[in-house]
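A, B, C and D label the chains in the order they appear, each numbered from 1.
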Amino acid sequence: MSEALGLYNYWIVIFLMMTGLYLVISTGNLVRKVVGLNIFQASVLLLYVTMGRVDGATAPIFVEGRETYTDPLPSVLMLTAIVVGVATTAVALALTVRINEAYGTIEEDEINEQEHAQELAG
Amino acid sequence: MSEHLAVLPVLLPLLAAPICFLLRNRIAAMGTAIAVCWVTFVAGVVLLRTVVTTGAPAIYELGGWSADVGIVYHVDTLAAFVVVLVSSLGAVVLTFAPQSIAKEIPKEKHHFFAALYLLSMAGLLGIAVTGDLFNVFVFLEISSLSTYALISLGQDRRALTATFRYLILGTVGATFILIGTGLMYQMTGTLNMAEMAAHIRETEGVRTVLVAIAFLTAGIGLKMALFPLHAWLPNAYCYAPSSVTAFVAATSTKVSVYVLIRWIYTIFGTQGPGSMSGVVVDLVLPAMAISGMFIASTVAIFQTNVKRLLAFSSVAQIGYMALGVSLVSESGLTAGIAHLFNHALTKGGLFLAMGCIAYRIGSVQLADMRGLGRRMPVTMFLWVLGGLGLIGVPCTAGFVSKWYLVRAALEQDALYLAVIILLSSLLAVIYVWRVIETAYFQEPPEGKDEVTEAPLSLLIPTAVLIGASIYFGLFTEWSADVAGLAARELLGVVR
Amino acid sequence: MSSLPPGFLLFLGSFLVPLFRGKWRAAYMLALPVMSFLHLMGLPAGFTHELELFDYTLTVARVDSLSMVWGVIFHLAVFLNVIYGLHVKDNVQLVCGPLYGAAAIGAVFAGDLISFFLFWELTSLSSVFLIWASRTQRAFRTGMRYLIFQVGSGVALLAGVIFHVNDTGSIAFDHLGVGTLGTNLIFFAFAIKCAFPLLHMWLKDSYPEATTTGAVWLSAFTTKLAVYALARAFAGTEALIYIGAVMTAFPIFFAVIENDLRRVLSYSLNNQLGFMVVGIGIGTAMSINGTAAHAFCHILYKALLFMSMGAVLHRTGTVKASELGGLYKSMPWTAAFCVIGAMSISAFPLFSGFVSKSLILSAAAENHHIVVWFVLVFASAGVMEHSGIKIPYFAFFGHDSGIRCKEAPPHMLLAMGITAALCILLGVFPETLYAILPYKVEYSAYTSSHVVGQLQLLFFSMLAFAFLMRSGIYPKELRSTNLDFDVVYRRWIPGLFRALAPIGRFLWSTLIDGGKSIVVLVMGAGRTLCSPRGFFGRTAQTRNTVLEVAVILAVLLILYYA
Amino acid sequence: MTSEMAMILALVLPLVAAGLSFVIRSAPNVRDACSLAVGVALLGVVISLVPTVMDGGRPEIVLFEIFEGLPIAFRLEPLGMLFLLVVATLWVITTCYAIGYMRGHHEVNQSRFFGCFGLAIFASAGAALAGNMLTLFFFYELLTLSTYPLVTHHQNEKAKRGGRIYLGILISTSIAMLLLAVIWTYVIAGTLDFREGGILAGKAEGPMVIVLLALYAFGTGKAALMPFHRWLPAAMVAPTPVSALLHAVAVVKVGVFTVLKVVIYIFGIGFLTDTKASVWLMWAAATTILLGSLVAMTKDNLKERLAYSTVSQLGYIVLGAALASQWGIIGSGMHIAMHAVGKITLFFAAGAIYVAAHKTQVSQLRGIGRSMPFTMTAYSLGAISVIGLPPFGGAWSKWYLALGAAEAGQAILVGVLMVSSLLNIWYLMPITMNAFFVPPDEGPAYPPIKEAPLFCVVPLCLTALGSLALFFCAEPIYRLLLPLVPGAGGGG
């Protein structure tokens, strides 16, 4: 039990992941979907940072008397991932704006109806 | 120069992209981009020749950091082959683009198009050459993000929703890959794929690796549009600008398949103790591939939009590649790799032909293609040749890959698999013939202006791709033979 | 020139007939058989002509004593037929007649089974046009049936030869004898052309439908060729005796009730063949001689009878017994020739039939086939009844039908005259005939017992005919078509097909409909699922697809983890 | 000129003809003259090859490898020689005929027509010369595709439907079964070369041989073995020269030629005889023979009737192959030539009737022989040859086929062959009879002669005489084919 609780970071990761995915699935609002996606990505950031941690280690900066350091690489990688995430969010939001201009709504159901009508029209 | 060969194909478009963006001049930007693409292509060909003739992979350590700490570009035959595939199709399609986008994209966005195109290409090439798993994710996202932007340039407003859908799913897929990568790093302590493969045999945490594989498979399945994870593809292909469709269809899913091959064969291993690919190749991939081959082909039959039809056909064709990969044999893998290339040529050519048609009649609806065989004879003839390639008629490249695939199935005494492969290719006959019959046997719609043949600047790139798909149906030295070489390398059969 | 096979000149020459017109054509056509005959006569004894083909050595020509008899009479028949048909202008008949004769001659002289088969088929092909040339609907249907029978015989022969060759490796056309599959088939092939009982329908079906001249051509060659073939390959086969005996007897009944006089002649032809078959079956030198002689004589008098009926048909347009009568006033010469023919077939002494038939009868008696002998005697009486009396009586005498027409054309009369003369000549001087028979003959037909016996028979049957006519018991001539065994293929088999057709159609349509509905079902399912509105084909909503992705990930996790 | 050169020429010349037809669009006379000239040249080249093959020469050309150890290669052997000869001869004649027909009929798109025709001949020549199964397969498919525009020449709804069935059956059988068989053979035997004695002996066994043979036999849809015969009647929507040369000669003969090649050079006659794997195929072929004839009887459309007759006749050839006996093979080979000449005459006649009188149904042909005596005489000769009666070429091939059946101990099959002849009579001869002996339905009883153009009539008379000549000149064909069955010869 304690072992499972000891991995609480992972539980948080999984919780965030599920929340993100659930948001994407449950909502028809495009902006909320983007937010869900962001949460989903954030869970991964946490996952990486967590796995880089070493018990009793310090930040990977040379300090006298410290033998163990956390693995710096995951954190570094996550910097890239954050950039990617931001870019993605930017593109997604830009698209949402364009969709709003084109369809007059950002609700997926309504957009779908409009597209359906367009398809029938040819 | 030659020692930098491995990095050149990535570097050139990556550096040229901002230049194009900054040039702002439509003609200058497109000119630069085209020139860069062709130079990249030449570099890719030289790279492939070097790799094939020396028989050793070209390795480039970025910044001089060695594999355990830095990022290493590791170009073996397969990677070089994919580089040539992407750069060649990129170059040809971009040559097609100026005239095509003139009608489809506002003029002030052309430099933007050029930059995005180069960026997307750089990302795809990067995936091919890198030996670092995280790097794969980064390049994947570079290419994906630029592709989203490219697709959203489509005239139809549905391009926007299609892009959004692609974006959501693509990001989910990429994130899955990221998760898988992280888990793998956790288990092996390295991001270099070769080293990862070495460590994976010693690792205790088999379960974590299995979870990683699940995430990676689902993620890359999404990216390569493996049925039933293909939902983003049809509309994205359908509503994107013609040249974007051609480029994306020909390269992006193919590179994803490459990634899959890389993981299965380089990291997880397929033979001996410690091989982790068991369920993937035994069950998951074949099941998805076969259902895709049949269902997506059947869906293609009922389409009224020809680009959408071709998109669903792509989903089916991805199935062939995945099936080839899952067979874990020399000819199976050869089939998968050769089909990457052959199908890229064929489908690229077909989408370019659709571009010609869209350029002239402004529509890609089947109903609007009535009687087109007489009005645009050359374009339709090229289309027919490409269609035959999809079916896998002899003398086309599609035949070569099908040959290897069936052979691989029979070598494993899987007669049923061979029958399935051939039967599913018959579905292609139906959807291809629907278009041919419409174009040749129906009277042109009334009230439309007289349609003439597409301009040469569009026809020539189309003809080059279709011609290549015929050429490589007969002369396989630089397609299937190289694919076979790559397959042997991956399977550890020393040549 | 002398190395050419017999009949070859005639064969090639007949193709050139259409090139000539008028008198030239007449001269040319008459010259053809004459030249061919002279050529045959000029050939040395034991002449053979061999040809290498496909590693076979074909003996295209083999002249020996047996084939010579048929060779001579066939040439004669061609000559007489040409005279008889001089009025014909139809190129089809003009070519096919001599060609038919040439094919028969070729077959007679063929020394191996392959060339024999080739000529055998040629006789079928060339003769069918003589029937079709009547240009009536009946003739067409009849012609088709005739052709099927003839080619049926041809293919049976071919199959037989093939099995025989496969068994023995020999293609020689010599005595074969029944027993193996191959020879049995060959026997069967001959049996068809020889119009054995139950295989005879084509004969009485087709000959009456042929043209005036065509019937005369037909009567001469096909069946006699079959007799030759039987004599060559199956002499001494005992079954033939009984088959022959049946053959002589049963057509009589049909002949008696038949109205169409040419059909009556066909039945009697069939019955005469029976005598020859019996001769072959007995298989002694004497009986074979009898067969050969009978075939020789038979060709002449049967031709004469067909000629006379042809003449009647030519002038009056009918040969129905019920419509004719009293024609002797208009056509006295024809009537006279007909009577000569009738007396020949009835085997009156001093007529040709007598000298040949008695050979067979004697052979039967000598070999103690008493029952058969009685049957033959009965049949002889029957022949008298229907051919000897009925034909001339109903056509030329009997009640006067009131038809007044011209006498037959001169060339017909000439042909009939020559034939009649030959009939009498052979009857009076049988030695000329006996001289060319295959075996040496020490036989005299004109012994008192023969003559008296035959005369008694003839007079009694005449008496019977007179009595029956007087008392009105003689069966009335029916205007309908008399069916005998051909009821099987003209009524029953079509009937069977008609009965089975609905069942077949039902089964077929069920199959097709079933198949169609399955296709429709599959197509429907495909359309429902895969059309742009269908489950697989529609544009998926993001939420659903992400859900799918999540589900698939879950499935994968379970699969990998398990 | 070396044999290899001649072989290359034999392949290139039809391509040249095709190219010329496409290029010289504006000058029909020049174009047609060129086609004819190239045709004659091809015939010359092909004939020049005959002595080499007769003397036992087997010239070979290897072009380039497509797959490892699987080149596009050509090798001339007797069967291919015969087939090539038939195609080349009939091509010249058909070109004459087509010129007359297409002009007499004012057809459109004549350049495309002649171009595709040349391509189809190229494909046939390639199939005839193919040195391995892969090459043969390539040309087989090329033939399907190049004939599709010919079948659908009229580009109307009917043509479309016909084309669908045509292509649907031919492509699907070849891809689903033939290709499978080819690849399977390669996997088993490691080669696809045509070798005397076969390449499968000792490598395949048991039911696998039967399955493989079935894949080949049914996969070769062009052989029109039932139930994959429907494409042949469907193809009759094409203009008659196409039906004549392609669907009576080139296409269907490529089909049976493939089956024969497979039996002789892939399986090997001895191997098939030993394993008895082909017995079922005999019965399948026999069924096709009989059913084809029966269906033909029910057809009133002349071309369709002829098409079903072709289906039945192809059964003969497949039967000969399935017998896997010496004489069966020789009979099959001969029948390729004999049936080709006979059937092309029939189609020519059908086309001539269409051009001159615009009649397509059998029931309309009463009395037509009076106005078209040459055509109908030729028809009759051709019909008799197809039936297999002497003195026409068809008699010899039937002889050897039946001999082969007897040799294989299949008495019933001999019977089938014989019954089939009777059925053939039943549906072919009434046409002759009605044409010559029945007065026309309307108009005068003896109408003036109104034949099709001379370009149509002369070729069909030539082929009719050809089928006659083949009876007397069958010996060379026999000699040519004899090396196919080592151990045969010597009177049988």
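The criterion applied here is as follows: a contact is a pair of C-beta atoms (placed from the backbone, for glycine too) under 8 Å apart; a residue touches a chain by one contact, two chains touch by 3 or more.
Being a predicted model, the structure only gives us computed values, none of them experimental.
Student: Based on which chains touch which, give the shortest step count from subunit A to subunit D.
Tutor: The least step count works out to 2.
Student: Where the CA atoms of subunit A average out and where those of subunit B average out, how many Å apart are those spots?
Tutor: 27
Student: Rounded to the nearest whole Å, what is the centre-to-centre distance of subunit B and subunit C, using the mean of the C-alpha atoms as each centre?
Tutor: The answer is 78 Å.
Student: Rounded to a whole Å, what is the gap between the Cα centroids of subunit A and subunit C?
Tutor: Averaging C-alpha atoms per chain gives centres 99 Å apart.
Student: What whole-number Å value describes the gap between the mean CA coordinates of subunit B and subunit D?
Tutor: Centres of subunit B and subunit D (C-alpha means) sit 44 Å apart.
Student: Can you tell me which residues of subunit C touch two or more of the remaining chains?
Tutor: 532, 539, 542, 546
Student: Can you list the residues of subunit B that touch 2 or more other chains?
Tutor: Touching at least two other chains: 164, 168, 172.
Student: At least two other chains touched by the same residue of subunit A: list those residues.
Tutor: 21, 24, 33, 115
Student: Applying that definition of touch, give me each pair of chains that meets it.
Tutor: A-B, A-C, B-C, B-D, C-D
Student: Please give the residue numbers of subunit A that touch subunit B in the complex, ascending.
Tutor: 21, 24, 30, 33, 37, 40-41, 44, 47-48, 51, 73-74, 77, 80-81, 84, 87-88, 91-92, 95-96, 98-99, 102-103, 111, 115, 118, 122
Student: Where on subunit C is subunit D touching in the complex?
Tutor: That would be residues 53-57, 92, 114, 117-118, 121-122, 124-125, 132-135, 139-140, 143-144, 147-148, 151-152, 154-156, 158-159, 162-163, 165-166, 169, 171, 181 of subunit C.
Student: Along subunit D, where are the residues that touch subunit B in the complex?
Tutor: 64-68, 72, 137-138, 141-142, 145, 152, 155-157, 159-160, 163-164, 167-168, 171-172, 175-177, 179-180, 183-184, 186-187
Student: Could you please specify the touching residues of subunit D with respect to subunit C in the complex?
Tutor: My answer: residues 384, 387, 389-391, 395-396, 398-399, 402-403, 405-407, 411, 414-415, 417-419, 421-422, 425-426, 429-430, 433-434, 436-439, 474-475, 478, 489-492.
Student: Which of the residues in subunit B end up touching subunit C in this complex?
Tutor: Going by the criterion above, the answer is residues 164-165, 168-169, 172-173, 176, 207, 210-211, 213-215, 217-218, 221-222, 228-229, 231-232, 234-235, 279, 283-284, 295-296, 298-299, 301-305, 308, 312.
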